[in-house]
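Across the two complexes that follow, chain A remains constant while its partner is chain B and subsequently chain C.
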Partner chain A sequence: MILRLSFVSLQISRRALIVSAVLSLLMLSLLMLSVSMGYYPLSLTRIIAAIGDHASEVEQMIVMDHRLPRILSAVGAGAAFGLAGAMFQTMLRNPLASPDVIGFNAGAAFGALAAIVMTGANILPGALIGGLLTAAAVTALAWHNGLHPYRLILVGIGASLTLVAGADLLMSRLDSMTASEMAKWLIGTLNSRDWGDVRLIWGGLALMLPLCLWLQFPLSRLAMDDDISTSLGLALSPLRLTITTTGVALVALAVSVAGPLPFVAFVSGPIARRIVGGGKPALLASAMIGALVTLLADTLARSVPIVQLPAGVFTALIGAPVLMWLLLVQFRKGTL
Partner chain B sequence: MSQTARLSARDLAVSFPGMQVLKGLTLEIPDTKMTVIIGPNACGKSTLLRSLARLQTIGAGTVVLDGKAIHKENSRSVARRLAILPQMPTAPEGLLVRDLVTRGRTPHQSALRQWSKKDAAAVSQALELTGMTDNAHRPLETLSGGQRQRAWLAMALAQQTDILLLDEPTTYLDLPHQIELLNLVQRLNRDTGRTVAMVLHDINLAARFADHIVALKDGQVHLQGPPDQVITESTMQGVFGLACTVISDPVHANPHVIPA
Partner chain C sequence: MDTDMGSNSPSVPSERPGTDPRGLWFCLSVLGLVILAGLSLRFGLRPTGWDQILAALTDYDRMNPDQIVIRAIRLPRLAGAILAGASLGVAGALMQGMTRNPLADPGLFGVNAGAALGVVVCIMFLGQTDPASFIWVALGGALVASLLVFLLGGGGQANPARLVLAGAAVSALFLALSRTALIVSHQALEVYRFWVLGGFNGVDFATINTLLPFFAVGFVIAIFAAITLNALMLGEDTARSLGVRVGSAQLVIGLAIVILCGATVAMAGPIAFVGLIVPHLARWRAGPDMRWMMLYSASFGAILMISADLAGRLPLFGGNMQAGVMSAMIGGPALIWLVRRNGVSKL
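Right, the complex of A and B next:
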């Protein structure tokens, strides 16, 4: 299907449109369910009343100060993770090469933590610098006559473990209250997010989305091999640099809001590509799956009474089996 | 040979760790002709073709396309004039033949202008020429080897370049499919005047389909010219170390190698 607007003509597959519509519906249902659920359950009419400023003070506070910012932060962070995951997986042509597996999440988290320890603030710049430095270091270490995905993944896993240990070390410099909070954040949590977080993640997404949509065109070519991409006239190095920087920026944004939520970036791409089909990068669908998975995990985390479990526990419960399954499939196909 | 060939290599040197593959090779690819590069394994055939298409980083020398060094030129601008089909290209699972062929239009498109009438015409023409129209909606991985190769060729054709390079396009095809593919390439060359240069392993197929043969040995051009001048008993001995008798093919009249 071709979409035309004056000089612009875009190729859009009908299936991708249908998938987006279905995912949007799912998203909306989960969103409403999540806002209504909790220690103080609220009906849909009460929620609407609270948003419209016609509810009691308590209801208003629950919806506007607690649930809504937390839920919108989850959706935004999940979308950013899903988008970044699909971009890296497509560019590196391997579902294992997602930023949470190859250490970029850990790098961004380490950077954010270092910024907090050193300056008491500046989470986003810290995450951005940490993520970019990690991406550069992992690429450089894995480079040997080109970038073999297998080597990149192993080096990335190593970097990830090192950075997690480094983060633990940094935490010893914090007082015990902050440290226990940061420990949860390092697992990935959306506890007590506020509207500032919502503005940060959605503002960031609004800035990055046009770039991501533009990158979808070269990314779908890059998904073939390097020779074909060059033959078709793509300039590989600048393109890879742009994609990596964009992906890391998305990861840094998401980590700033939700911590290094494990496996969201990792599971979103493969699921999205499977439902969209046709060997497409499925960036938009990945963003939506990422948002769904994150919101689902956080809703589950909220539904456990008394203990405040971090959402990362549940994304790991969803993602780790997928990782094992993918490893097994690749191992059997001999592509690992 | 004319001095004005659009694609040429001068003093081309390429090395891989531990060995020099091309050793100061100079070559012109004659315009509008079918050129076939032959030579023993590891003589640098593929490396030469890949260097001519700027897929290979080169150590010294230059590859010139339309008077400019191809390795320094804008890749997109090159891709409108020269297409290469590398050996064993890969595509993501689930990619449909039509989408693959459409990707051949990439150098003529942009992220904002992804489809035009010209694109549509080029894609259906490429599908038509390769006989893939009926398979356009099938995923690539469900095709047979021969069909798959034709689908990739269709992608390169949709690029609508004057120069087409093919790296061992007949690998993994059985003889009927090899002949079918080479007939198709020859027809393209004759009908549209496209310059074709390809690497082939089979000397007899090279002799039958080439206008111009380049015999490589040890990273240098050993001999080049029309088939009946290159495919001789002494060249076969010199290039391949092959003792053979060369006869004239009784059907097509080109030289035919019969190994001793």
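Right, the complex of A and C next:
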């Protein structure tokens, strides 16, 4: 299907349309389910009333102050993780190369722990500074006549392993109360988000989305090998630097809202590629999958009584089997 | 990896070790190992003289405090470091040779994550908190995880890329399970966060004796595997035409990797990096011949591990930094340096 406006024409595959329709439907139903369930179950009409300012004070507080901000934060953070994951995986031509490969997550964990050990607070700024510094250092160290994907992965692994050891060490230096608090933060949680978080993540996404959509075009050519991409007129190194910077910024946003949720960035890209098909990078589909996985995980986390489990536990428990299934299917089809 | 790669090619007759630079370098590395071992016996919180070390080794006086420290603490610690370093180095070389992937690391087989989950489960459900009781659960967890990786990775007709991917997926799943357990159980977190640093502080001869058969089996398989790997390195089709049963060879090699790494994790906790970095260092002197690679990986691995253990005793690191942390601190920058120095194609 080709969409023609006055001076642009856009090729849209029927499959992509169907996929986005199905994903949107899924997202919508999950959103409604998530808002309505909890300690205080609410019917759909009550929710609409609460949003429209016609419900009792309690119901309004539950919907507007607790559930909606948390759910919208989850969706936004998941989308950011999904986008960043797909960008890195396409750029580095490796399904394993999610942003944590270049050390962002390890840097963020180390930064958060260092902030706790040194100042007793400031987890979030510590995590952001740690993650961004690590990503910058890894990119700079991997730069040698341009940014080569394989070198970026290797340097990233080196930095990650060192930082993980450092984080383990800091964990052993904490007192036991702080340690158990940090264990929760380190896996990523969406407990008690407010509208400030929602504004942060959605504002950031709105700013980055045009850039990501534009990057989709060079990314689809970047998936081929370096020689072909260069002969198609791509300036590889500046492009890779742009993608890395954008991806890292997205991850930083998402981490600052939801903590380092494992697996979301890792699985969104491969699932999206698989359902969209055609070997395209599928950034938008990946963002939607990321949002779906995160929201599902957080909804599950909310549905567990007594212990407040962090959402990250469930993103991992959903993500890992999905990834394994994906591996099995792809191997069977011989596409890997 | 270096300019005299040509002279290290298999065309050099390895039957005459006297004229082979690889033999000379190997002897030098063993010499280095012995010197480091001596330093490791001598230095620590309680400095001892060389005469005491000699006496402790040859004519042990059970009443002399210096000799007790050497015999009861430093000697098992040294033996543990040598065994762990050598097995991680050999396992890394086996894995990188088998998967023909320079990034392959025994940790990627799910061994570390499996062992960690085993330990966490043991603390949570059996109430064990003494690291000495972790040996069997760690070994069991490592076995389960790597079996899962092997099955997901395609069993007999394992494809290298598939193995690595399956390993990453299984590791991540096991890690997530342990983290969940750690959030639920405070007691598990309290023990786990010290165990996970990895080190030889608590290693004694009883532990080493329990695990020695595993190490021995692993090393013996590795020696035989080296010959098969030389053929496998040429590609699976070529290996097949040379009469290698690729599937069963990979199964046996995989088993050796699991045994070596599982025993190491059981003894000293998860130690990152040695398995990844040592084969790269070994290739620098050993060239492509896997038989030499095994020898060099064992000696370089042991050297790296003793150095990490020794460096952790420096006052700079508070006198007792775990070897697992030290090896990561040395290994990370070393990997980055290797990548930058050699360029990508060589790694």
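Criterion: the second predicted complex is superposed on the first by the 243 of 336 C-alpha atoms of A that agree within 3 Å, B and C clash if a C-alpha of one lies under 4 Å from a C-alpha of the other, contacts with A are read in each partner's own complex, and residues count from 1 in each chain.
Rule of thumb we're sticking to: a contact is a pair of C-beta atoms (placed from the backbone, for glycine too) under 8 Å apart; a residue touches a chain by one contact, two chains touch by 3 or more.
Just so you know, these numbers come straight off a predicted model, no measurement behind them.
Participant: More residues of chain A in touch with chain C or with chain B?
Facilitator: C
Participant: So in the superposed three-chain picture, is A:Pro95 touching just chain B, just chain C, both, or none of them (first/second/both/neither)?
Facilitator: second
Participant: A:Val307 contacts which: chain B (first), chain C (second), both, neither?
Facilitator: Touch partner of A:Val307: chain C, not chain B.
Participant: Just checking: does A:Pro218 make contact with chain B only, chain C only, both, or neither of them? Give me first, second, both or neither.
Facilitator: first
Participant: With the two structures laid over each other on chain A, which partner does A:Leu141 touch: chain B (first), chain C (second), both, or neither?
Facilitator: Touch status of A:Leu141: second partner only.
Participant: Going by the contact rule set out at the top, does A:Asp53 touch chain B (first), chain C (second), both, or neither?
Facilitator: In the superposition, A:Asp53 contacts neither chain B nor chain C.
Participant: Examine A:Ile228 and indicate which partner it touches, taking first as chain B and second as chain C; both and neither are also allowed.
Facilitator: Touch partner of A:Ile228: chain B, not chain C.
Participant: Which partner does A:Asp175 contact after superposing on A: first (chain B), second (chain C), both, neither?
Facilitator: A:Asp175 contacts neither chain B nor chain C.
Participant: Just which bits of chain A does chain B share with chain C as contact spots?
Facilitator: Correct list for chain A: none, the interfaces share no residue.
Participant: Quick one: in the complex, what on chain C touches chain A?
Facilitator: Residues in contact with chain A: 103, 152, 154, 159, 161-162, 164-166, 168-170, 172-173, 175-177, 179-180, 182-184, 186, 189-190, 193-194, 196-197, 272-273, 276, 322, 324-325, 328-329, 331-336, 339-340, 343-344, 347.
Participant: Of all residues in chain B, which touch chain A in the complex?
Facilitator: 17, 50, 53-55, 74-80, 83-86, 89-96, 99, 102-104, 106-107, 109-116, 139, 156, 159
Participant: Okay, in this complex, where on chain A does chain C touch?
Facilitator: Result: residues 95-96, 141-142, 144, 148, 150-151, 153-155, 157-159, 161-166, 168-169, 171-172, 176, 179-180, 183-184, 186-187, 262-263, 266, 307, 309-310, 312-313, 316-317, 319-321, 323-324, 327-328, 331, 336 of chain A touch chain C.
Participant: For the complex, give me every residue of chain A touching chain B.
Facilitator: For this pair, the touching residues of chain A are 2, 7-11, 93, 145, 213-218, 220-221, 223-225, 227-228, 230-235, 273, 277-280.
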